[in-house]
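I've put the structures underneath this note.
In the two complexes that follow, subunit A is the common piece, with subunit B as its partner first and subunit C second.
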Partner chain A sequence: MAATSIKNLKEFSTSNDRFEGAHTLCPGCAHSMIVRELMNCTDDNLVIATNTGCLEVSTAVYPFTSWDTSWIHIGFENAATAASGAEAMYKARKRKGSLKDNDASVKFVAFGGDGSTYDIGFQWLSGAVERGHDFTYICLDNENYANTGGQRSSATPIGATTTTAQAGSHSYGKKEKKKDMIAIMAAHGAPYVAQLAPNKWKSMAKGFQKALETEGPCFINTVSACCTEWKFDPKDTIGITDLATDSLIFPIYEIIDGHELNILYRPKNVIKVEDYLAAQGRYKHLFKPEYKHVIEQIQKDVDKQWEMLQRREEARI
Partner chain B sequence: MAEKYDLQEREVWDGNFAASQALRQAQVDVVAAYPITPSTPIVENYGSYVANGYIDGEFVMVESEHGAMSGCVGASAAGGRVATATSSQGFALMTEVLYQASGMRLPIVLTVVNRALASPLNVRGDHSDMYLGRDSGWIQLDCFNAQEAYDMTLCAFKIGENHDVRLPVMVHQDGFITSHTAQNVYPLKDEVAYGFVGDFKPVDDMLDFSRPVTYGAQTEEDWHFEHKARQHKALMDSRSIIDDVFAQFKEISGREYKRVETYMMEDAEVAIVALGTTVETCIVAARELRKEEGIKAGIVAPRCFRPFPFDKIRDALGNVKAIACLDRSSPGGAMGALFNEVSAAIYTTNARPLVTNFIYGLGGRDFSIAEAKRIFKEQKAHADAGKITTDIQQFSGLRGPHLGFFQTKRS
Partner chain C sequence: MQHLKLLANDNRGLNELENGTGLMGWHEVTQGSILPSFEGDATHIAHLKSEERSYSNFNSYTATVASWRVLKPVYNRDICIDCQNCWVWCPDSSILSRDKQMLGIDYDHCKGCSVCVEVCPTNPKSLIMFSEQTPLEDALGQWPEKKKKEDK
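Showing the complex of A and B:
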């Protein structure tokens, strides 16, 4: 593993530019920050598989590509399996000595949005993790199907309005709570599972490095603020992400070997979820008096989850 | 290094065993697979080779057929030899990825043990799955017995991996009738088989880091059409390479294959066009009819279903008077696919023989020699009358009242 230095942000951000700036992601989209951080945190060769979604459609439109590394997209659901297949081929060819460079160090990474991770690609991800392939799956979680215009996914939180779970005169938006993918992936016994955020760039880079260093299937859920569908000013991406991590709606933590939980970021001043919600257009309707109970419910859920994470960390089991 | 597997000059294998032995001999780098009746024994046999040291490659048992083909695509793009097996519902589930595999020009070999598609659920052999794949951009080779299932699987690697082809290849055998019937098979020695298939030579290798590659890009109306046209051209151009591979295979095995197989066609007056094991049934029927009733019956069988051998079919059928095209797949509100394609081919000849369509054998309904004879005799009646005297499309071997559609307007 050739980890790159992550002491200095300016140096780090330009250390190993294998993801071209020329792509068509929305200005202010956090996807490119996360992808660049992953690619900059290692000097190893990378084979990257990507599910259909914002990242894919914005980075490989023929005859252009943003990827200065091996990259494959098959369909909406199967990046984990594409990475599995490539990893299996690597093992076979290394054993047979048929690689172009048999000593080259390589890491296998799959990217998916929350739609392809939590919903349509769930089975493919579960299968690849159960089989124990040596790869890292990174979910770029922007809590909706942003590529197709902002429909609800099972990662969309309660109370958010989306085009298919709309707020209206009879609705406060999505009625169901977000699926807990981190717990599900930890329950697979994956050796390294984490939730990370690009505003905490050092912990994110360290988490990525840890996942790449760890042998076996690793899963990382990353918070990817979506200015287009969350409805905030593109210049505020990191600011919104700060509100997300400091309100603990997106706690930053890791789970090792399915049980050892470590909280990676403890906000000095925990802010109310209300402040996070108020900064985004997708929650605007919740501030009507009749939906006050939804905000209260979200705060209660966040408090409960934080309590659970702290107790699990303390218990060391 | 893989253990040596002892083979006799003559083995008694079923089609599944034959296919799995061909996969072993080709020294496949990655098999990503999922079990489904009746192709399950292919992956079970392969699993036993892995467990007993006969395989140096990776064997990845995935969580679905969609996953199997997805794993094959990832593996193939990573620059090695790849194969899998499936049938029926599993084939249907992997259909999305079949198109992606061919669009990315990945030479994956898929052994398909043909089986009906539900509903109603049915595990027996018909050609519904083979027909489902016909527009997927794969080369499709059709086998009539276990020996051919072995031979065509070896040929499939050599055809698909040819740098002038670079296309995935399906090798079809009939569920149960071929896959589960033990027959004499004459295998090649391991070194002869591997020598024929040859080492895999990667193109656009994802594991060659000196030259990064992007697989599965997006193209819209500006470039998509050109990509699909090139893919179609590659399929059309593969015809001569398939012929070359068959010629090379004859040199090492003595067994001769053609993109269109013909039997007793030299003087045939009537013919059946069919696929799979039905071909052998029709051969027996034609021999008997020639002896018993003097009917000059012949058989034309596309060995290569895709690319469809339009010109060879036309050549083979140019001199007959009446033809029955047998489709073992529910046509879903149309004429059978073989009927449509054969009719289109011979329509471009001056002779334009009479053509009828039989839908038969769905869900493993037995197709007997007597049934083949009846169809031949009906063609003889058409030939003698100089016109089609029955419905153009008929269901053959169906319980209950006759089912048929459309009458001729030719006088």
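Showing the complex of A and C:
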């Protein structure tokens, strides 16, 4: 059940916050924008599992919790497992009629960072999606292990410097490309898979509502700009996300039932990836003459991916 | 700013996150714990505004991160158009909005990231960062004039 009509922002703003302040995420962190939006876009009771990561360590600083719903912290790899276990028990107890309120609408959500989604919890997520539990997995993709000091993850894009893939005289940072998690999850046959960004709040809220309403495992990758590790001023979180979506580094699209691809946002003016890269400290070294070819490579990859998405949208296969 | 008093909870601001009383060392913490966010039944919490809820002392709503701030956002009601951009993008749930109206800033939870100032679309901005020590009246007195469009 949708909480409030999300026709416009004024109506959306009448929803009641269920993610409280005084968590210890960095000022300007996009994680909390995304989590707040998920919890504001529905009135349903939520059962949330969170992997170890920035979100978990910052929102459950003993003796405080920032969550106004049922929430569990579990190991680095287990958010999908915990959510699917809770969902299985809920279904069984509902069938037996042993719940306190058998008519209540309950939704199961798992949050993970990109480290726990792309690397450490990948097998568990894959298993939960294959078993077909009715839950929504949301990856807060900030492209590195930000909680432990910015190590590379398989979501770190090519050319970014991280503490374990540092740029210097012999290296331009990470040499490998980012894993295409959305395609992998779509290949599982998940009924709803999407990539969303907090700067496009409307498509994000609609995507969240769609995922919560869809029966079966849904996967959403959200772009979460990390001011600490991407090295930009905290006030620019939304600006950087704008650059990311307008340069098509992070195209916003959904895939329904593993094949029906819809592009949810087409920038009026597509900007060059150079503008996006230049705004962040982690790509500073790419603007040296010897590493210019990496920027060209990134631009080529982005163009190719956008071409592919457009063709897939047309082909409807 | 009188509205803000209505929204305050009796427990607000009692707990300082870093240097608060009652924190324990890692060896004293039991393995696994359950923290109830509310006193009593919380089944219909999604339908209650924060001033109608009975928060428990475990809820971070009762804590404050005000000491993180160097600059604070100051809100000017006269210019605001209630677009709610600041509400949707505030990472710390610190913009107080009720009935489609922006009421002010929750200074207990604001960390001073100035995302709200960046996304404010009015001219001049209806949210501007001032030094933490500046009294609100002085800040409102120093508000800049409307900027004219630059000739192209």
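In the analysis below, the second predicted complex is superposed on the first by the 310 of 317 C-alpha atoms of A that agree within 3 Å, B and C clash if a C-alpha of one lies under 4 Å from a C-alpha of the other, contacts with A are read in each partner's own complex, and residues count from 1 in each chain.
The definition used in the following text is that contacts are C-beta pairs under 8 Å (C-beta built on N, C-alpha and C of every residue); 3 or more make two chains touch, one makes a residue touch a chain.
Note that the coordinates shown come from a computational prediction; the quantities given were computed from them, not determined experimentally.
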| item | value |
| --- | --- |
| Partner chain(s) touched by A:95 [first = subunit B, second = subunit C, both, neither] | first |
| Subunit B versus subunit C as contact partner of A:45, first or second or both or neither | both |
| Contacts of A:266 with subunit B and subunit C, given as first, second, both or neither | neither |
| Contacts of A:24 with subunit B and subunit C, given as first, second, both or neither | second |
| Which of subunit B and subunit C A:13 touches, first, second, both or neither | second |
| Touched partner set for A:236, first subunit B, second subunit C, both or neither | second |
| Subunit B versus subunit C as contact partner of A:288, first or second or both or neither | neither |
| Partner chain in contact with A:104 - subunit B first, subunit C second, else both or neither | both |
| First (subunit B), second (subunit C), both or neither touched by A:68 | both |
| Touching both subunit B and subunit C, residues of subunit A | 45, 60-63, 65, 67-69, 101, 104 |
| Residues of subunit A defined as touching subunit C within the complex | 3, 9-14, 16-25, 27-33, 36-37, 42-45, 59-69, 101, 104, 198, 201, 234-239 |
| Sites on subunit B touched by subunit A in the complex | 29-30, 32, 56-58, 60-64, 66-67, 70-80, 82, 96-97, 100, 199-200, 205-210, 212-220, 223, 227 |
| Of subunit C, residues touching subunit A in the complex | 15, 17, 22-24, 29, 33, 35, 37-38, 42-43, 45-50, 53, 57-65, 68, 82-85, 87-94, 97-100, 106, 108-115, 117-119 |
| Complex contact set, residues of subunit A against subunit B | 45, 47, 49, 56-57, 60-63, 65, 67-75, 77-78, 81-93, 95-96, 98-101, 104, 106, 123-124, 126-127, 130-131 |
